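Heads up, there are several structures right after this.
Shared between the two complexes below is chain A, which pairs with chain B and chain C, respectively.
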Partner chain A sequence: MSAHQASLRGYRLAALGAVILAVSASILACAALAYSAFERELRPEALRKAETVGHVVDALADKAMRFQLPLEKLPGVNDLFDSLEKQNPEITWMAIRVDDKPIFARGQEAHAKIAGGRVELPLITMGDPAVLEIAVDPAWVARLFRDMALDMGVILLVSLVISMELAIYLTGAGDFRGVAVLQNALHAAASGNFRGVTTTDSARGEARTLLAALASAVDTLAMKRALLAAAIARRWPRRHADAGERERLRAALARLRAATREYALPTAPVPDVGRVDASNVLGAMRAPFFLFLFSEDLSRSFLPLYAGSLPVGPFAIPVHLVVSLPISIFMLIVALSQPTLGTWSERVGRRRAFLAGGLMGAAAHLASAGAGSLSELLVLRAIAGFAWAVAFVAAQGFVIDHTDRATRTRGLATFVGIIMAASICGPPMGGLLADGVGPRWTFAIAGLLATGATLLAWRDLPRALAARRAVRQVRPRDYAAALANPRFAALLALAAIPAKVIVIAFCFYLVPLYVAESGHNAAMAGRIIMLYSVMMVLGVPITTEVVERIQRTRHTQPHVAFVAGGLVVSGFAGLLMLMPLGLWGATALVFLLGIAQAMSIAPQSAMVADVSAADMNRLGESAIYGVYRLIERLGNAMGPVIAAFLLQVFGFHTAFAAIGATVLVCGIAFYATFRNGVEPAADRKEARA
Partner chain B sequence: MLKETTRSQLWLSAWVIGFSVAMACLLLGFKHRAALDGLQRARLLLVATETREVVERNLTFGIAFTDIATLPDVLASTRNTEPLIAGIDVVDGGGKVIYSTDPPRRGHPMEMEWRDAMHHSAAGEPWHARDGADAVQAAPVRNAFGLTLGHAVVRYRLDALNKASAQFVRYLALYGLAVAAGGTLALFLMLRWVQARLERRLARLNAAFESGVAEPRPGSLALEAASARARVDDARHALEAAEQALDAAGGMR
Partner chain C sequence: MKRRALLAALGAAALTARAAPAPARPYRIYMTTWRGITDVEKGFQGYLAERGVPVQYTWRDAGQNRAKLAEFQREAREMRPDLVYTWGTSATLGMAGTYDAPQLAGIPVVFALVADPVGAKIVPRLAGQGRDVTGVFHVAPVAAQLEAIRAYRRFTRLGVLYNAAESNSIAVVSELKAGLERAGGRLLEARFAATPDGQPLADGIEERVMRLKADGAEWLYLGPDTFLYTNLDKVAGVAQRAGLPTFATTESLIDSPAPVLAGLVSRYRAVGEFAGYKAEQILVERHPARDVPVETLSRFVYIVRVEVAKDLAFLPPITLLNFAEFR
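This part shows the complex of A and B:
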């Protein structure tokens, strides 16, 4: 980051700090208000439960009385206390007192001394009167709130991500966008590149004044230049009539040329970057696309469980396969439909394509809320998958339409950023909602969000875009031609497919089921899955930076090591589940998987161009990447089915470990295949030349 | 134009705080209901387990499942210990009521939703089901060989739970609105503060651009603004020099 970019960064951070502070304070205030209500309402209920527990002990004392057994000689009382305390974690003290002396006691006596925190029941005994005393943990409500702290943290994180999106939507990247344009304009002007000066309507206040002053100064220069050029042009025919005139014209023209060259004098007024520019490349598409992805991601943490709860009908399908099918169908439809959707979306226009995807998605989510059987859900998930592919391709096309070679990488990075932001927010929020209102209502909310995305797109997306050069559609023979390249086939078989299989099998299928099996709710599954996206968001820029630095400083291509390393780490993540770590194991697995994928995803994509350089010249870049994406996404569809089979036959730990071990082996094989390096596409072209 | 900034900052503050407060309140509302529900269910499970133990004790004495003569009295006295309980049934494996605190229910099948829940429950595990404002908490009854013969089913109403939840939601909604309003105002004021500081900084930049003079701190924006002004002036002078060269005798005719 250059100094001129960094100088105003503090204000951006201050605004972010203000949002964090205000959101945290608001959440804490709500928690504090709720705390007193919880104490007021739940404690009496806990005491009533303690009383019921007391009746169980009373029944035992009654039995002793019937068998004329002195209470102190009654066997199994301590065991009973232990088991009751275990089953009722809010009870922290149980005692039977005779003459105020405890003859049986378990737990922390101090809790019994707190006023209003205990119940007493008289017991009928053979001898002296006895009293059963049960105390409720005074910190029980506080413990409930501590358990909620993670959920609150998730809400804070999601609020921050959403506030960033809102800020961009409400203010078109905010006032900071105006400032960013100003910074770039000043930098361009200061370095004497007046053609690089731009302005924006979204600038406000002093930024607007300064941009206007700068633009006016540059426009004056442009006008002056134009007037001078026109004057020279007018007098140019007279140059032969008068030698002095010729000299004057030649001198003026030379000076004009020199000034135009030195200051890159513009020939047109300073352009407005508009709503869509390189710094905000998704522009009007950003908010609808985020909302649409968010609506789809809501169901990620509970979909397998929801599928498992639906009647299967007359089909005798193993239960684990049943719960994997909705994910696999979704992924399969996405994989198969994307190659043909690109040209279709270009033909009908990005706006209409996105609207169609949004409407289909909304309808599929709303209908999923009322699905009565697995087969219904499968059909609806297929429609949702198709809708997702349509919206995805339309949004991707929108980025391509609004970027050129110089800004495409940044545009696509923003595009990926949106996908990641939605995947951070969706699963934990979906989990929270599913726990609270149930999966059906969560699907209904997803439907409403997708409808909102469609309405936003309808309102904001430009109606017509300039026609672009049609992208060549991938044909079946392209697949054969591309796959005939053994190195490309090896890249797909050893890296692309295993990487996708393990991500989808673990994050979409096995982890939600494992978390449920461990006795935790969908919110916990959502939180754990969210870790994957968080690690990706944090890790991808770091990996890119490190790869570029290695390329710069050592003049080597470290892609192979990164891809192989990512696969090996993914494999170890799966093997980790062989250790008895319970939920921590699943958390560590997702964490490692996020790091592993962040390591390998970008170098792997970059390698496609390198291993298929010759085919790219013949078939075109889009055809090769089309084949790569399709095969890779078929890996997405295979993941849950493979995991379901392994789970059905071997159980959770073996399923995790088997997939992990396979990916580990693929990583090693990949390294062995490509260890001699990959000739970069550019080098190859040069060599051929 | 600054009014527009104010409006967008206000909207941003309202949306962000509104979303966080709404989600926090939603979570707290769910948690409150879940905690209350959990306490009630655990309490009633104790009752169901106690009933189950009475039946199983009789079975160990060789009494047939359908012939436990003392059970109706036990059920009636157990019901009276808990005000939450609407009734207690002991049903067979098919869901037919064998014993009940409500005599008209005897011999009839249990409600369909509850039978479904019973059939879908894991073998030998307690189960719970609800149907509108009615709910049941049940524990399976097993014979000496571990075979499930029936279920001890405690029926209860969800009115108290619903009422307590609704009351809590109202309380939270009211105070949540106040928190959201306060949070929105606080965030708005903080954003305004950041904005004001930024405006002051930009005003200095503006002055540097207008005057072309700035402290020579390398890389500073003020220096860039001053440099931009200097470059504009240089370019203007270069164009003027070209004009002068052209105008040396004839002017820009």
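This part shows the complex of A and C:
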């Protein structure tokens, strides 16, 4: 990069910084103004609301009086206060005083002592005159702002991810691609590599004109060089008698040689090279797949609550178990249908398979919006699970079809990246939407998004594809053969299944319910669940890097320690809930769980190849991994049911702690089993995410 | 749907009395009751009178004697009335039999105040019952009852005293058990003493209630059990003395002078009116009884008796004042 370019870049950065600073400052000023306006306007509003709530209590006290029921002896007054405070978040203190002594009191007494933040109502009772006291939270407006700021933060993060997806979509198929190609060409030309100048069909408009001009200039240059070389060749053999002429010719030749060394000129007219970009490996599948996953992830943060709100119908099973069923059924269908769907989607083509999945998913979401009973929802979630599996397998097949050995790892990493991006965006956005427009409308929106995904796929996915014969179908006898290896079975039982059980049980089931139980909304649940995906996205590359470095520098296999460590951290995360931390506990739990899974997921996957090295040749790598994935996914399906059972019998804290303790024990047992090595395979397979 | 139609019909009846076309002769309804005329019959007859349906009633009361029902059945077969009305599970079974041993073929039957018509095998299912028997059941769903008890005071052990010879009681008890287990509670059962041939006896009520209390029952559940009703004074009295709160499932239980604390019940009059509507469907609208579904009311009344609560020193929570009827 030249000095001129560097200074231009610095200038641009400074200008950008100044603009961002100015915009942020004005936004902050606006927020500050709005804050004080809110304080001014909302405080009297809150006090009026407190008074209305007071009249509700007054009416009940009056009724009690009519039936000669002594108020001070009536049970449930504190419960009533609790529920009123829950319904009206601005109210944080309610009390009834007789002779200035509180006979009932709920909330934070300190708030009652703040001037101008309290209403009092005399109550008529059978005994001494009583006074009802209601205080509003002095920090209520601040709390509102904090909640809004959290929502904004989530929206910011989600829009960042989505705009990145959008940019990739556009550069993949639209005008940005032309600019990117032009930039590539210019970079190549600037570094003397004229062969890097391309004239692809993907560039459009101005970019294409510029590229064409550049290409013709390069072609001219190449032609001139060729002519020059030919001229020299023509004249060289004559052996000029003139020494001066000979000297000039020799100098010209030397310069020409130097130039050829320094500049790489194309040997033929500029070829159509195209642009190789990892983010583009998925190409046309990327945007529809992301949208489709996003639509499914929308319901994560509120599905258990929504299921709980529906009439249960003829189920003679405990309510918590019933609530866990939609998730379990979804996971079970996903697990069971995936092995067989691979060959099917190969046969009908990835395009048709994805379209079928998309349509089915859209229909299931739309129908879930109108589900009248739990049994209906169960059927619809099962269909959605099947649709998810179909679309997933189609997208995965698409990646395999469009990559070769060299690009497959990259392609699959991108594929996983999309899944994580959707799981970052879906739950918090779904939570926000559910709080705003209700779960039913959120399902309707999910249905529209899935429809959009289907339409995009219909427009963009290539029609006919010679599907590559990729993987061998897993046969039932493969399961028996693979599981007969005790080390493989131990890996599944002690690591793969517990890891999945704890993630799904906590993130998809217990945390949403716990957050709701402690009086927060679905948006809060969504934000907390999002943390898991964020930690995974940040953590997985770091783990991979660290594992590789340890392998390189110390020549040891740290996989066992990482997997066991992940399990132990997950277990501690669950045990954390025994401490009275409330929502912070849940947040810390999800945070730790994300780190723990990021630690163990890739090493665990890599260990599969190591522990079953002996079977690999006989059964094939894909069969072993097929068995591994299926059993792991059955763990997904078991998670909510186990959690529901524990929740039903023992309550939240014990459910969290019991699952945590079990996973912790599994982690220790895993370490004990594998600490003497994993019987490394002859050629070590790369870590698979 | 039908219920809305009932409301509409009641409204229309107020405006245009005598709406139904007068038949050549009045309809003949054979009424069988188990323990005398109740508000149900008043509601039934009142509804038909208001709708201008001419009816000639033949009333027979069994006086809680099963043997009499066989007599009534024979009489009804000979008389061939246009409709047979029955009160309660015992009278209904005595007249119409179960669906696998049906009686009174060819005569439509409308029952009222059967707690659990499917459990008692009167009909195999509530709609599309496949026999010309329909009617109204009056007991709120067990889940709603348990929820109502919990709204008064949380509990884990519920006591029940019932007559094992009444099939509706057996059905209710098994439902209670399932409902409680689902919520992590427990049912403590006690049966009335019985003769060797199964007839219930009023002996030993006191010790049975006391044992339930001693075993840790927090409430005594009063099911839709006729024998219990006839001994209610004793049962409720002992419970009151033992400090065991009682919860009623029918209006007659909570309305009796015996000290019953609370209940979630259907109004008998409303049950009777709904049964009257079903009779009208069959007689006037000419719907076969098998096409008229067996239904219950959609609204129940939560009743709390303040004096009983005070005597027990077991006051209702303040929130109950919002939706329960205190008397």
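Definition applied: the second predicted complex is superposed on the first by the 430 of 689 C-alpha atoms of A that agree within 3 Å, B and C clash if a C-alpha of one lies under 4 Å from a C-alpha of the other, contacts with A are read in each partner's own complex, and residues count from 1 in each chain.
Definition applied: a contact is a pair of C-beta atoms (placed from the backbone, for glycine too) under 8 Å apart; a residue touches a chain by one contact, two chains touch by 3 or more.
Here the structure is a predicted model, which means the values were calculated and not measured.
Engineer: After superposition on the shared chain, which partner residues are touched by A:Leu228: those of chain B (first), chain C (second), both, or neither?
Structural biologist: Touch status of A:Leu228: first partner only.
Engineer: Thinking of the overlay built on chain A, is A:Pro122 touched by chain B (first), by chain C (second), by both, or by neither?
Structural biologist: neither
Engineer: On the A-aligned overlay, A:Ala251 touches which partner chain: chain B = first, chain C = second, or both, or neither?
Structural biologist: In the superposed model, A:Ala251 contacts chain B only, not chain C.
Engineer: Using the touch definition from the top, say if A:Ser159 reaches chain B (first), chain C (second), both or neither.
Structural biologist: first
Engineer: Just to be sure I read the superposition right, which of the two partners does A:Pro541 touch: chain B = first, chain C = second, or both, or neither?
Structural biologist: It touches nothing on chain B or chain C.
Engineer: Pick one for A:Ala189: touches chain B only (first), chain C only (second), both, or neither.
Structural biologist: first
Engineer: Residues of chain A touched: more by chain B or chain C?
Structural biologist: B
Engineer: Could you look at A:Leu74 and tell me whether it touches chain B, chain C, both or neither (first, second, both, neither)?
Structural biologist: second
Engineer: Would you sort A:Ser26 into first (chain B), second (chain C), both or neither based on which partner it touches?
Structural biologist: After superposing on A, A:Ser26 lies in contact with chain B but is clear of chain C.
Engineer: Tell me, which parts of chain A touch chain B in their complex?
Structural biologist: 2-4, 7-8, 11, 14-15, 18-19, 21-23, 25-27, 29-31, 33-34, 37-38, 41-42, 45-46, 48-49, 52-53, 55-56, 59, 87-88, 144, 148, 151-152, 155-156, 158-159, 162-163, 166-167, 170-171, 174-175, 179, 182-183, 186-187, 189-192, 194, 204-210, 213-214, 217-218, 220-221, 224-225, 227-228, 231-232, 234-235, 244-245, 248-249, 251-252, 255-256, 258-259, 262-263, 265, 429, 432-433, 435-437
Engineer: So in the complex, which bits of chain A are touching chain C?
Structural biologist: 60-61, 63-64, 67-71, 73-77, 79-80, 316-319, 648-649
Engineer: In their complex, what parts of chain C are in touch with chain A?
Structural biologist: 153, 178, 182-184, 306, 310, 315-322, 326
Engineer: Touching residues of chain B toward chain A in the complex: what are they?
Structural biologist: These residues of chain B touch chain A: 1-2, 4-5, 8, 11-13, 15-17, 19-21, 23-36, 39-40, 42-43, 46-47, 50, 81-82, 164, 168, 171-172, 175-176, 179-180, 182-183, 186-187, 190-191, 193-195, 197-199, 201-203, 205-206, 209-210, 218-221, 224-225, 227-229, 231-232, 234-236, 238-239, 241-243, 245-246, 248-250, 252-253.
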